[in-house]
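So that you can tell them apart, the chains are marked A, B, C and D in the order they are listed, and the count of residues begins at 1 in each.
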Amino acid sequence: MELPGLIVAPLTPFTAALEVDVPALQREIDYIVQDCRATMVVAAGVETQEYTYLGLDQRKALIRDTIACVEGRVPVMAGISHPSFKTAIALAHFAEDLGAAAVQVLAPLRPFAGAPTQADLMAYYEAIARETRLPITLYLNPGPGAEVSVADTIALARLPAVTLIKESSRDLARVSRLIVEVDRAGHARYFTTMQMLLATLQLGGSGATMPPPGSEIARHIIDAFVAKDHERAAALQLEFALFPSKWMHRGLAPVMKAAMNLIGVPVGDPYPPYAPLTSEETHALAALLRTGALGHRFSASAAA
Amino acid sequence: MELPGLIVAPLTPFTAALEVDVPALQREIDYIVQDCRATMVVAAGVETQEYTYLGLDQRKALIRDTIACVEGRVPVMAGISHPSFKTAIALAHFAEDLGAAAVQVLAPLRPFAGAPTQADLMAYYEAIARETRLPITLYLNPGPGAEVSVADTIALARLPAVTLIKESSRDLARVSRLIVEVDRAGHARYFTTMQMLLATLQLGGSGATMPPPGSEIARHIIDAFVAKDHERAAALQLEFALFPSKWMHRGLAPVMKAAMNLIGVPVGDPYPPYAPLTSEETHALAALLRTGALGHRFSASAAA
Amino acid sequence: MELPGLIVAPLTPFTAALEVDVPALQREIDYIVQDCRATMVVAAGVETQEYTYLGLDQRKALIRDTIACVEGRVPVMAGISHPSFKTAIALAHFAEDLGAAAVQVLAPLRPFAGAPTQADLMAYYEAIARETRLPITLYLNPGPGAEVSVADTIALARLPAVTLIKESSRDLARVSRLIVEVDRAGHARYFTTMQMLLATLQLGGSGATMPPPGSEIARHIIDAFVAKDHERAAALQLEFALFPSKWMHRGLAPVMKAAMNLIGVPVGDPYPPYAPLTSEETHALAALLRTGALGHRFSASAAA
Amino acid sequence: MELPGLIVAPLTPFTAALEVDVPALQREIDYIVQDCRATMVVAAGVETQEYTYLGLDQRKALIRDTIACVEGRVPVMAGISHPSFKTAIALAHFAEDLGAAAVQVLAPLRPFAGAPTQADLMAYYEAIARETRLPITLYLNPGPGAEVSVADTIALARLPAVTLIKESSRDLARVSRLIVEVDRAGHARYFTTMQMLLATLQLGGSGATMPPPGSEIARHIIDAFVAKDHERAAALQLEFALFPSKWMHRGLAPVMKAAMNLIGVPVGDPYPPYAPLTSEETHALAALLRTGALGHRFSASAAA
C-alpha cells in the first residue's frame, strides 16, 4: 500500500505593494518541505492560495517561483484552473516545461445560470487531457467551482488522465462513498481536507490537501496512523475541531495566515479587501494553538 | 469514561391496513435489544420511524407498544416532537407515566417563512423543560426541523434539561466542533449517525442513533473501538460507505426496511406514497449486504 | 374571462389559554368578507394560519368554526394537508360534510431525507382524489412542504381533480412560466401571493391567496386592475414592497397579526414560542400602514 | 421622470478559432442600437457575454471593439469585474480613456469559504471608487458573484459613486423592496432582468439589462409602458414566460445565441465546453419565437 499523501498548498505572501513576496514564500516552502514533510506541493491551485487575484503573468510567476523554491525536493502540482480550457491548456504546457509533476483543475462553474451537465464537464476535462501528458487532479470545490454529483464525480474519475481527486466537501457520507467508488475502485486517488484526514485514511482514502500550518498537525496525524498509534492520531485530529473552524467567519486564508504569523513563519495579511483577524481573535487563536502540536513553535517571549 | 451509546430507532412495521404491526415490532425490538445490544431504544422519535403519518392517539400507542416490547431490558426515549409545545408536554407526561427514561424533541421549523431565532428555540425548549422531569434530547434534523447554527446549538446544549444531542448532519467540520464544544465541554452527550460513528467515537463523542439493521454493524464498530481494534473498527465503518447511500434516492426508511426484510426480520414496506425498493434494487442491496457484517444472516436459500 | 380571485386565509386568534378565540375569528371573517370582498376563504390551509400547532380535533373545530363564521357568504376551502393521505382523506370527508367547496393540500415533504419523486407526489394526490369529490388545490410551499420542480408541477396540474394551484414562490421567472403552462393552458387556475398579485393578473394568472389585512390592499389592486386603472393598481401594489417584507425576520404570522391589531380588527399574538413585534417595530409598521390603503382605519387617537 | 432604461449586453460571437468575431459583433451591435434602441450598451459586463473565458488583453480588446462598434450612438458601460480591486481599477482606467460612460462591477465571491461581510464589500467598492471618476454599477449575481443581503445592498447603494444597480434575482419580494429602498429613495437607479421588466417599471424601477434578442421584445414593452398601453405591455411581457425559461437547462448564453441565429443576426455557438441547443430544441424555440414580437424577422424560407 502506498503511504498516505500530504499535499500542501503554500499561502501566498504579499508585499505592501501586493506583489508576491518571494523570500517569504521560500521560508514558507522550507517549512512545508522540511517540517511538515509534504509529499507534494501545490502551486496556485486552491482559492485559499489567493491566486484568483493574480493576472495570468503573475500566476505563471507564482508557479515558477513555487517550483524554484521547492528545488526538486518533492513533486509540484500546478493549478491551471480557468473558465477557458484553452488557458488551462496553456498553463499546463507552461507547468510541464518547468517540470511540474501534475496539474490541478477546478470543476468549473457554468458562467451563466445553471449547473454544468456531465457532458459539459467531461468535454472540458477531455479537452485538457488531450493536450498535456501530465496527470490531472480533479478539484471539487462548490462555490468558486461547480457542485458535482456523486455520479458525475465517478464518471470524471474514470477518465484515464484523472489520477487524483481533491474534494473540499466535509460531508462524510459523500466522502465515504467516493473513497470506495473512486479510490478503492482504482479510478483515482482521493484526497480530502484537514477536518476529514483521519476519517479519510481509515476508510482507505489517500490523504488530504491543505495550507500550512495545518499541514504540520496533519503530518503528525499521518505518522501516528502509519505507526498504528490510533489514540494519538485521534487526539491530533481533534485539534482540527476548533482550528480553523472558530474563526472561519474571516475565511480560511486569513485564519491560516494568522496562524503562520503566530508560529514564526510570517506570510503577511490577506489580499484586500478581506480583513486579517483582529487582535482579539489573534490572541484567542494563539491561546488555542499553544496547547497543541504547534505549541512548541511559540517561544516564551512570543506570546501573542 | 462512559461506554459509547448505541441508540436504536425501530422502523415502524405497518399492516396492509396501515396500522402498526405490533408482533412485527416485537420481533424487531428483540433483534435490536439482543442482537444489536442497543443501549437505548427510541420510540417514535425520528422521521425514519414514519411517526409523522400517525395521529396523536396512534403515536401514543406506538410509544406504549415500544415500551412494552422492550420490557425494561434497556431504557426507552420517547419522541415528543410537535410544533406546539403544549402537545409536546402532553406527550412528555404520557411517556413519563409509562416509565420512559428520556424525551427527544426536534428543533422545530418555524411554520411560517424564515428561521427561528435563538430566543424562539430557547423559549420552546424551556417551556417543555419546565413541565417534565425527564432529560431532554435536542434533536437536530434540518428539513423536517430547523437549521440550527453552531452558536444556537451550544446555547441550547447549555440548558440544564438538555442532556443529549442527536445530530443528523454529516458535516464532519460541524460535528467535530460540536463534539468539543458540547460533549467534551460537559454540556450534553453528542450522538450522530451511522456514517459518522467511528469518527464520532474517536473525537470523543458519545455514540450514534440509527435504525436497524445499521445498528448491528454499529454494534460491531463500537465493540471493536472499545477493544482498541482500530483496523477492524475502520473496516466495519467502511460498510456504511455504500449502505444505505447507494439507495438514498428512495429515502432512508425504504432502504432500511428492505435491508431488514432481507436479513429475516421483516418489517414490511414504507408507508404510502413512498415506494419500496424495486426488485432490481433489492437484489443489489442483498449482494452488498452479504459481503459484510450482516452476511451471516443470509441463509443459502434466502438469496434475494 | 373569470374575474380575478382573492382567496383569504384568516389568521387564527388564540385566547390566553391558547384556544381558538371564536368571537375574534368571527369579527376577522366579517372584515374579510365585507371589507376585503374575498372570493373564497381558506380554513386551516396555510402555515401562517398557525394550524400546525393544533391537534386533529382542534383543526376540525377550526374548519367548522370558519365555515360557520363565513355563513355561506362566500365558498370555503378547507386545508387538509397531512403527511398521511389517510388523514387528509378523513379531513376531506369532514369538510365535504360541512359544505366546503374545495380542499387544499400541501405538496408534502418526504419525512426522511431527500425529495419526493414525481411518482410519489402523483400517488399521494391520486389517493386523495379517489376519495373526495371536492376539487383539490395543489399547495406549493417549500420548507413546510416539498420543493416541486416546474415539470412536476405541470404533471400534478394535469390531474383532473387538481383545479387550482397555490404557489408560495416569489420567483417571477418560475411563476410566469407556470401561469402560461398551467393556467393559460387550461389545467388549473394559478394563484400566487401578495407580492406577486399585479404581475400575476397581468400575465393571465387567476389571483392570489393571503392573510388579512393584505387582502384589503389586494382588493383595491384587483378592483383597479379590472377597471383598467393600471397606474392605481401599480401604486397599490407598491405597498407590498415594504409590507410585510421589512418585518419578515419575525415571520409572516406575527407581522400580519400586528397589522390587524393596528387597524382595529384584533387577532392577538402569535402562538408561542414565536414573539410578536416589539413596540418599536409596531410603531414603525403603524407609521408605514397609515400612509397607504389601510390608513383610513387608523383613527386620529389610535396612533400606535 | 426619466425614461426607462434598456441596457443591452451583446453576446460575444466567437470564430472557429475561439477569437472574438468582430464583424459579427458589429452587426449585432447595429441590431441592438438601431432595432432595439438600447439606451446603453454593456461591454464585457455580464457572464452571459462569456467574458470570463478571455484573458485580460482579450477582455480589453472586447471593450475597445464594443466601444468602436457602438460609434458613440449610445453610452457604453464597461465591465471591470475582477477578484482583485487593482485589476478592476486598471480596467476602469482603460475604459475611461476609451470614453466609456460607466463601469460595472460584480459583487465578488469571497474566494475562500464563506460570504463577504458588509465591510469587505464596502472596502472593495470604495477602493475602486477612489481611483475612477466614472459612475459605478453594482452588479448582483449570486453564483459567479456573492449573495448580497438587502441590508448590504442598501449600504452599497448609498455610496456616492454607485449610481446604478444591476440585479439578477427574479425574487419579486426582494426586487420590490429594493426598488423602493434604493431607486425611489434616490440612492441608485435599479435595473433588473427580462422576466422582471414590466413589474420593475410599474413599481418605479429604472429598467432592465439583458442580451439580445430579448432586448427587442423589451423595447416594445418599454414603448407600450411609456404610451400607457398596459394591455399591450402585459401581452409582450408574457413572451418572457417561456423564452428563455424552457431552454435554460442549456444556460442563458446558448439560448440567446440560438435565438439570434434564428432571427438572422448570427452570433455563432457558445464557447466550449457548453453545447448549443440541439436541432430539436432549436426547432421548438423557432416555433415559439415566430408567434411573438420577433416573428417578423423570420422569412418564409428561414424556417428553422
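FYI, a contact is a pair of C-beta atoms (placed from the backbone, for glycine too) under 8 Å apart; a residue touches a chain by one contact, two chains touch by 3 or more.
Model, not experiment: these values are computed from the prediction.
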Centroid comparison with chain C (C-alpha atoms), farthest chain: A
Interchain centroid distance [CA atoms averaged], chain A/chain B, Å: 36
Inter-chain centre distance, chain B versus chain D - centres from mean C-alpha coordinates, in Å: 50
Sites on chain D at which at least two other chains make contact: none
Category of the chain touch graph - line, ring, star, complete, other: ring
Parts of chain B lying in touch with chain C, wherever the complex brings them together: 18, 47-48, 50, 52-56, 82-87, 109-114, 116-117, 119-124, 127, 143-144, 248-253, 271-275
Of chain B, residues touching chain A in the complex: 170-174, 176-177, 179-181, 195-196, 198-199, 202-204, 228, 230-231, 234, 237-238, 240-242, 245-246
